[in-house]
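Next up: some structures, all given as structure tokens.
Both complexes shown next keep chain A, but they swap its partner, so chain B is in the first and chain C is in the second.
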Partner chain A sequence: MSDMTQLGTTLFSLTPLWRGGADAVELLEQVAAAGCGPAVELVGHQAWRGFPAVAPEDERAFRDAVERLQLVPVALGVYTDLFRRPGRPMTVEQAFDDIAPQLAAAARLGFPVVRATLGMPPELLGRVAAEAERLGVVLTFEVQGATTPGTPAVLELVELQRRTGTPFLGLTIDSSLSTPALPAALGTALRRLGLAAPGVTAVHEAWLRGGPIGPRIGAALAVVAGHPREAELAPLVAGVLGRCGRTEPEEWGELLPLVRHAHAKFWDVDVEAVRRPHGAWLRALSAAGYEGAVLSEWGGHELLERDEADALAVSAAHVALLSELAGARTAVTA
Partner chain B sequence: MATGDTVLTDDSLVHRPEGLGIALTVPWYRSLWLSSVSDIAVAVEGRAIPTEDLRVELGERTFRVGELADQWDVLWFVQDRLLVVVPLAGPPAEGQQVDVEVTVDLRLPYMQIAPQKYVTNHASNRRSLAVRAGAAR
Partner chain C sequence: MTMTEGTLRPDAVSARDGRLHLAVRLPWYRSLPVSCLEEVEVTVDGARVPLRSVSTGGFTGPVAGAGGSGAWWDLRDPLDVALDAPGVPGERHRIGLGIAVRIPYIQQAPGVPLVQRATVQTEGTVR
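Now for the complex of A and B:
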């Protein structure tokens, strides 16, 4: 990682505060005050009512706030909701009309990069990538959790980038690709939903098995099958296990030159749980010459009650850890 | 999401002359289209309310639960409340504690895992809350 690399926080980590009614400027102020900057990422559909329409006064307020607070907008989360109409996927034309204004909003708000969900159909991908280039915004797709370098959507993206050579298409890499252990917070949530200790252990054992993620999730779903709260347990188990991958940074080596944005993902209040994998990812990105930002992303708000964790405090502790890890690396290589 | 405030919050119950208003939060981290809501189930004091009796209000608009699937261009902003209006023979008074259970099934419109099959979130909260006056936030 070069000295140019910035650390910061995605405001997704502050989901409880968004849901509680805070607006973008208030949260930027809190992020700056807590030392969670300077880099910031926002999710368009979380930060502004009516997004991608953002009122001129809201746009101005956002730009003024980042300047005043010396924050750096590095990425905006955008979405292709291909299945808005149940049973009838959008046509390429409709999907393009849906996402193009989101890219334009990113450009207006001052975000150089957008982060989208992996899996855009190839024809749409080509059109959206061209639109991103026209707007001067880098279109990235997030690789996270159980995604592997051989996942078809990753291969399609890499193929398009190599064919076009465009610098406006790339990856958001998420450290959840390398998760050494399921988060402690998952156990907390499973127990709250009434899963007894042997069941919690069995879910962990299912994740620890070898082989592809599908059968491992299947084994974990079998553990909660028939439980009175299966309907809640099942998406929780599948959702978290699918986002806890077990590939190592080295396996992504060939693709690292395509990384334009990065997340350091964690779930637990004790940030020490991610010291080793996050250190490994910082080193791997550094070795690949990565000069973008690395943003702290806390997902524990999905699992922990509001009185069990303070989103800003855990984010600040994690950014401090990343800073230490990045500094240690610089000292070693200087 | 699997937390106690996924669907209900402390101020969710609102007095309504026809019964009870229950203000719901989006059980997800971002705004979603109303067409993502595939079902809403409500029980008051342990008694399940027939789905066809429920009305759902977002701002000035009112829908039946069965009409939500067609609302693919109506965005439920993450900070807005969906007010479920439950008809009750004896509307609870302001300040009265009422035991409510609400379950929302949410279909994530950007995550199809097989034809016609989507990643879903089944969010359920059961709480005893005091009924407030006036409209929900």
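Now for the complex of A and C:
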């Protein structure tokens, strides 16, 4: 990796602690103490009450904490809550009014990059990108899981960036694009919801099939159809399978110059499960000249209960793995 | 902690003015607009009980009224569910909760937002 590349953690990984009532400063202290920094990403609607209207004292406390702890705020998660009202999506005007203050909050809090969900309607995308540029914040959209380089939302984004040439628009690339196997934690979650062993196997077989993700998720949903807890099983199955992609870093080569932020995503407590794909992504980003941060993102809290995994401990183990992989890369290229 | 875990904490059941209240935690990783609350169903000792109102973030009203609210359900705050059921501190009850929240930024199909559901069964002593 380039000497410029920083490793760190998205505090989304600590969701169990946020849900337990912890505040931003407290969690930043824990992240620093566990060696999970220096780079940090936060989710606005997770970290601050009233976001994007962050209270001045909370803003000061955040800035003081990152300085004191020598952490580096690298990205803020922002959202367009298009379906805030039942039955109808927001208009472009309403959606712009929803997200613009979040970009301003990112600038005030010292985040150079925001990360948004891929798939913003094109007219809105143009307006939000212009607002990001005005504020001097880089607007990125997360490319993850089963997304492919040919996904229409990716093509629209790339087209807009190339047409405008703006350096304030880019991608957050997530290593879940290259997932070698469904996480073991998914099996744990499915069994907890009462899916019997043959059903768990059938879900895995559906994911292992060839072809596009849609029919593979459809096959997995057919496995849980009619189960007494289908209402909980179905979103879990669709959500996890959709976030476990099978493209390789090389397939994204042409788009890597647009990467402005990166996640190394993992689910299982045993971080060795991601050694190969995360090493491959670190090498690919390095080869593309990427100088941004690579952040550990643990999604296992969605699948495992609190006594099955400690969010901070698994994050620390994963950041150590990333350091080793990045260090090995530096040694090889030095 | 799965999204469901922690939705009802051990101290979730309380009594006020002789009636039961439930403190329900958001089954999601970030705060959501109150307008994303779609369903709340509660059973006490196996029997479905009507809700008097739900309250959080300055909103108080029926679940059906949440859709028009501009308030937020903060991740750190409980949703206070007022039940039309008698309750006395010290009693023990089996509580069943079914809750559905719309995730306003995830579409499970074009134009169809994801609805996150959690069902929890617990037994608690009324505070």
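In this text, the second predicted complex is superposed on the first by the 334 of 334 C-alpha atoms of A that agree within 3 Å, B and C clash if a C-alpha of one lies under 4 Å from a C-alpha of the other, contacts with A are read in each partner's own complex, and residues count from 1 in each chain.
Keep this in mind: a contact is a pair of C-beta atoms (placed from the backbone, for glycine too) under 8 Å apart; a residue touches a chain by one contact, two chains touch by 3 or more.
These figures come from a predicted structure and were not determined experimentally.
**Student:** Answer with clash or fit: chain B and chain C placed together on chain A by superposition.
**Tutor:** Result for chain B and chain C: clash.
**Student:** So, A:G136: does it touch chain B (first), chain C (second), both, or neither?
**Tutor:** neither
**Student:** Is A:L304 in contact with chain B, with chain C, with both, or with neither (first, second, both, neither)?
**Tutor:** Both partners, chain B and chain C.
**Student:** For A:G253, select first, second, both or neither according to whether it touches chain B, chain C, the two together, or no partner.
**Tutor:** A:G253 sits against neither chain B nor chain C.
**Student:** Now for A:G327: first (chain B), second (chain C), both, or neither, which partner does it touch?
**Tutor:** It touches nothing on chain B or chain C.
**Student:** Going by the contact rule set out at the top, does A:P180 touch chain B (first), chain C (second), both, or neither?
**Tutor:** Neither partner.
**Student:** When the two structures are overlaid on chain A, which partner does A:P167 contact: first (chain B), second (chain C), both, or neither?
**Tutor:** It touches nothing on chain B or chain C.
**Student:** Please work out whether A:P122 is in contact with chain B alone, chain C alone, both, or neither, and reply first, second, both or neither.
**Tutor:** Neither partner.
**Student:** Taking the two structures together, which residues of chain A meet both chain B and chain C?
**Tutor:** 12, 15-16, 18-19, 21, 43, 45-46, 49-51, 79-86, 89, 117, 189, 192, 229, 231-232, 235, 238-239, 301-306
**Student:** Going by the contact rule set out above, which residues of chain C touch chain A in the complex?
**Tutor:** Result: residues 1-6, 25-26, 29-33, 35-36, 38, 67, 72, 74-76, 102, 104-108, 111, 113-119 of chain C touch chain A.
**Student:** Spell out the residues on chain B that touch chain A in their complex, using ranges where they run on.
**Tutor:** Chain B reaches chain A through residues 1-5, 25-26, 29-33, 35-36, 38, 69, 72-73, 75, 77-80, 107, 109-112, 116, 118-124, 137.
**Student:** Enumerate the contact residues on chain A facing chain B in the complex.
**Tutor:** The contact residues of chain A facing chain B are 12, 15-16, 18-19, 21, 43, 45-46, 49-51, 77, 79-87, 89, 117, 189, 192-193, 229, 231-232, 234-236, 238-239, 301-306.
**Student:** Quick check on the complex: what are the chain A residues that touch chain C?
**Tutor:** Its residues touching chain C are 12, 15-16, 18-21, 43, 45-46, 49-51, 79-86, 89, 117, 119, 189, 192, 229, 231-232, 235, 238-239, 301-306.
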